[in-house]
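These are the structures in question, set out in turn.
One chain, subunit A, appears in both complexes that follow, with subunit B as partner in the first and subunit C in the second.
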Partner chain A sequence: MEGLLFWFCGSLLLLGGVMMVVQRSAVVSALWLVFAFLSAAGIFAVLGGTFLAVMQVLVYAGAIMVLFLFVIMMLQGPVMDGERRLMHPALWPLIAAPPAAVLIMLAGFLRGDRMVGFAGAPAPGFGSVVQVATLLLGRYLLAFELISIILLVALIGALAVGRGERKLPWK
Partner chain B sequence: MEITLTHYLVLAGLVFLTGMVGFVVRRNALVMLMCIELMLCAVNIVFAAFSRLHGDAGGHVFVLMNFAVAASEAAIGLAILVEIYRRRRTVNVDDLKTLME
Partner chain C sequence: MNDLAIPDFGREIAALLPFLIVAGGGLLVMVTDALVKTLRKDHLSYLVLLVLLSVIVVQTTSGTPEGPVLNGLLLLGNFSRFFTYLFVVIGVLTTIFATGIFDRDGNYRPEFYPLLLFAILGMMVLAAANDLLTVYLGLETMSLATYVLAGGVRGNAPSSEAGFKYLMLGGFSSAFFLMGVAFVYGACGGTGFDQIAAALHSGSAPMPFLTLGTGLMLVGFGFKVAMVPFHMWTPDVYDGAPAYVTGFMATAIKAAGFAILLRFVLLTEPMLAFAWYPVLTVLAVLTMSLGNIVALVQGNIKRMLAWSSIAHAGYLLLGIVAILAPALGGPEMMARAKGIVEEGGAALLFYLVGYALMNLAAFGIINVMGTEPGVDGDQISRYAGLSRRQPVAAATLAVAMLSLAGIPPMVGFMAKFYIFSVVVKAGLIPLAIIGVINSLISVYYYLRVIVVMYMHDTAEDSYQGTEWVSVAAAGLLAFLIIYLGVMPEAFHRGAEIVFRQISF
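Up next is the complex of A and B:
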């Protein structure tokens, strides 16, 4: 069952990613990315992270991608029409090298017998809201508080950038 | 065939690769930002897979941290892009070479 779900969600995730890169229109790209994120939520669910799967749908596929779509549709015209051209064709072999290396590496992994299996099914309650929240507000409390500072800084930064030509209060 | 950690790592590697190639090939700054989000998503899968391997939900906590980082990055990146668009009427990175000149 886990195998079936893994192959289903994994292939959909890869499909979404590839289609996002291939599509020329930014709106269509964003919609394919939403599709990819929903598939990733499925992968999290297969891995036992039910809470993560819910957050992936709410935060990524919901909030972040809505922000992206909002901006894309706000900046109409040249942004919506797609790209005149992609990267200069002469540079293509250059960027093909690292992907080729990675693919060869992955092929080696899959061929060998050194697969690391999971030790049985996850313990009951693994990845549940209770367990994640206990860690979040216990062992990782400092990181949890620090992340709120990152969000605050991002909020202030986005406001400062978005003010445009107008004078900033501290100038 | 049993699904092992290696399967998840290979999947994450391929997703990361897709995002990386997209980031380099595409010229629309908005799509480039979306490719970064896809790469972050691949990293999250690795976190969750290792969390499952060790039976410790600590990896899940850091995936949640990653969500916050991704949200901040998207907010600031999009704010900068909107500002660039207001001034230059384009988000094509080929047309934005001020720093290069």
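Up next is the complex of A and C:
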């Protein structure tokens, strides 16, 4: 059963990735990326990483992609040929169905209905918040802290690129 | 929750002190710039120099603990310490060069100093990394900071192009790298270098995934060290970025890239030497030859040095090929293997230091040749008659060029000599011949700069600058180039000791 679910989510993920790349419209691309993220969440769920799956949905599919879409829509480039056709409302349910299936499955996991067994029967508590936190602040403490530096660098970089040059005050 | 407890916390903190100083220094510089309004902005550079010098002092005096720290994510020892010194010294010179330009142009880039420190932090992590996770994070810290440094001159199209191109291609190469890490993780069951080594020795790792994974990782490394065929970005980025950043990229990033490439090749050598060896041999020959041949026709000194830096990556790869050769040879070769590996490693470290000295000296002079803010004086024709107007600057650039060409008594000659002699000892005579032919080709384009400076009539818009601090710093480098070229023995022996410590 979990094998079937894995291949299901995996092929959806691949589909999402390919569709994202071949789309001509940035908005549709971004929507396919959301689709891919949701499928990835499904894979995490199959593997028993429930916390990761939820975070994938909340942070990537939720927060980050909303930001992406905002930016794309605000910068709205020229509408390309075929964009309207691809966004035809009749296609929406088709796009929305698989992620919905994944989400329903996820909800099942979270409610604790063990309707499917975890792959390879992980230890109790596997993928829990406690375990993830213990790894982050224990074994991978250095990596965790380094990522904060990387984010800071990205932040400084974005600010630096985004604003004009300042004159030296004494010149 | 015993997993949270770090054994012997004091030791770990002491070991990490140089890293903490650089990271904390970056934050301090950033906050100082934002909060202290009365400060003259060039005082930030003194703060950066203070931070970097204190790293040297702490590292020299504290006798850093050796061995793995923080659950094996980092491996400290002579190797990581050697590279920390190198990065810090490059950082000091870059700060001096950059500040000279900021002062002259009246434009300052407040983000420059913290980003420089964070880039150095990333490189230090990279050289000390003992886990693929730390390798990746170090690589990204270093790269993200340099993307911004390269593209940060506003209103200057080449610089923006350089930053953007570097960002896009760099992001692409790091995706390849990450994919490779995932495959190696899958094959070996862990990201730690010791776990990988254990999996390789037990032979339990499946070969296809391992070769695929390391191949993809090679793309990532190859991009960082400007190895053909992942070199496409180099000329545009080196040309577009301001010269003080180019000098930093050409020396520090190359050193960091080769540090981790060397460690990773040695780590995976027991099982993958048969794959690394032919691939790296072909890439080394291609990298050297293409770099040197294209450099011949460049009229822009920064582009020329970019192609020359590709060529030098080829010479450095020869050193790695020589290290790998014994693993494939017969029993007679195995007996000499240890000696060759040690000598090869020492030659590589020596080359990296020599290369850093001569490239920084060259870029230090190119840096002050600009006429208007944000534009570097990069056409070789502008250097005509420089020897009469600015004898010190011209002499420094001449020494750097002679050294890059590998002419005795400069350090560049000794560096090439060590590499080629190891290649010969490893029995790879044809490779050594190709290397020597290549360095003969390179003499032409390096000497052309000297000819223009000393024998051509003064150009109309020739350099009139007064940035004596930068010129003096570059002059000091020129002195070191000659000093290390005349008396390389002590330093080379030191490099051997440094290298002997990394064992797998």
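Following the convention adopted for this analysis, the second predicted complex is superposed on the first by the 121 of 171 C-alpha atoms of A that agree within 3 Å, B and C clash if a C-alpha of one lies under 4 Å from a C-alpha of the other, contacts with A are read in each partner's own complex, and residues count from 1 in each chain.
What we mean here is this: a residue touches a chain if its C-beta (ideal position, glycine included) is under 8 Å from a C-beta of that chain, and two chains touch if they have at least 3 such contacts.
All figures in this text were calculated on a predicted structure; none of them were measured in a lab.
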First (subunit B), second (subunit C), both or neither touched by A:40: first
Partner chain(s) touched by A:63 [first = subunit B, second = subunit C, both, neither]: first
Partner chain(s) touched by A:155 [first = subunit B, second = subunit C, both, neither]: first
Contact breadth on subunit A, by residue count: subunit C or subunit B: B
First, second, both or neither for A:140, with subunit B first and subunit C second: both
Common ground on subunit A, meaning residues reached by subunit C in one complex and by subunit B in the other: 135, 139-140, 143, 147, 150, 153-154, 157, 161, 164
Contacting residues of subunit B [partner subunit A, same complex]: 1-11, 13-15, 17-22, 24-28, 30-31, 33-35, 37-38, 41, 44-45, 48-49, 51-53, 55, 57-58, 60-65, 67-76, 78-83, 85-86, 89-92, 94
Residue numbers on subunit A that touch subunit B, as the complex places them: 2-3, 6, 10, 13-14, 17-18, 20-21, 26, 29-30, 33, 36-37, 40, 43-44, 47-49, 51-52, 55-56, 59-60, 63-64, 67-68, 71-72, 74-75, 77-79, 82-87, 95, 98-99, 102-103, 106, 109-110, 114-119, 122-123, 126-127, 131-132, 135-136, 139-140, 143-144, 147, 150-151, 153-155, 157-158, 161-162, 164
Complex contact set, residues of subunit C against subunit A: 1, 3-6, 23, 26-27, 30, 40-42, 70-71, 73-74, 102-103, 106-111, 114-115, 118, 121, 125, 133-134, 137-138, 140-141, 144-145, 147-148, 151-152, 154-155, 163
Touching residues on subunit A, where the partner in the complex is subunit C: 134-135, 137-143, 146-147, 149-150, 152-154, 156-157, 159-161, 164-171
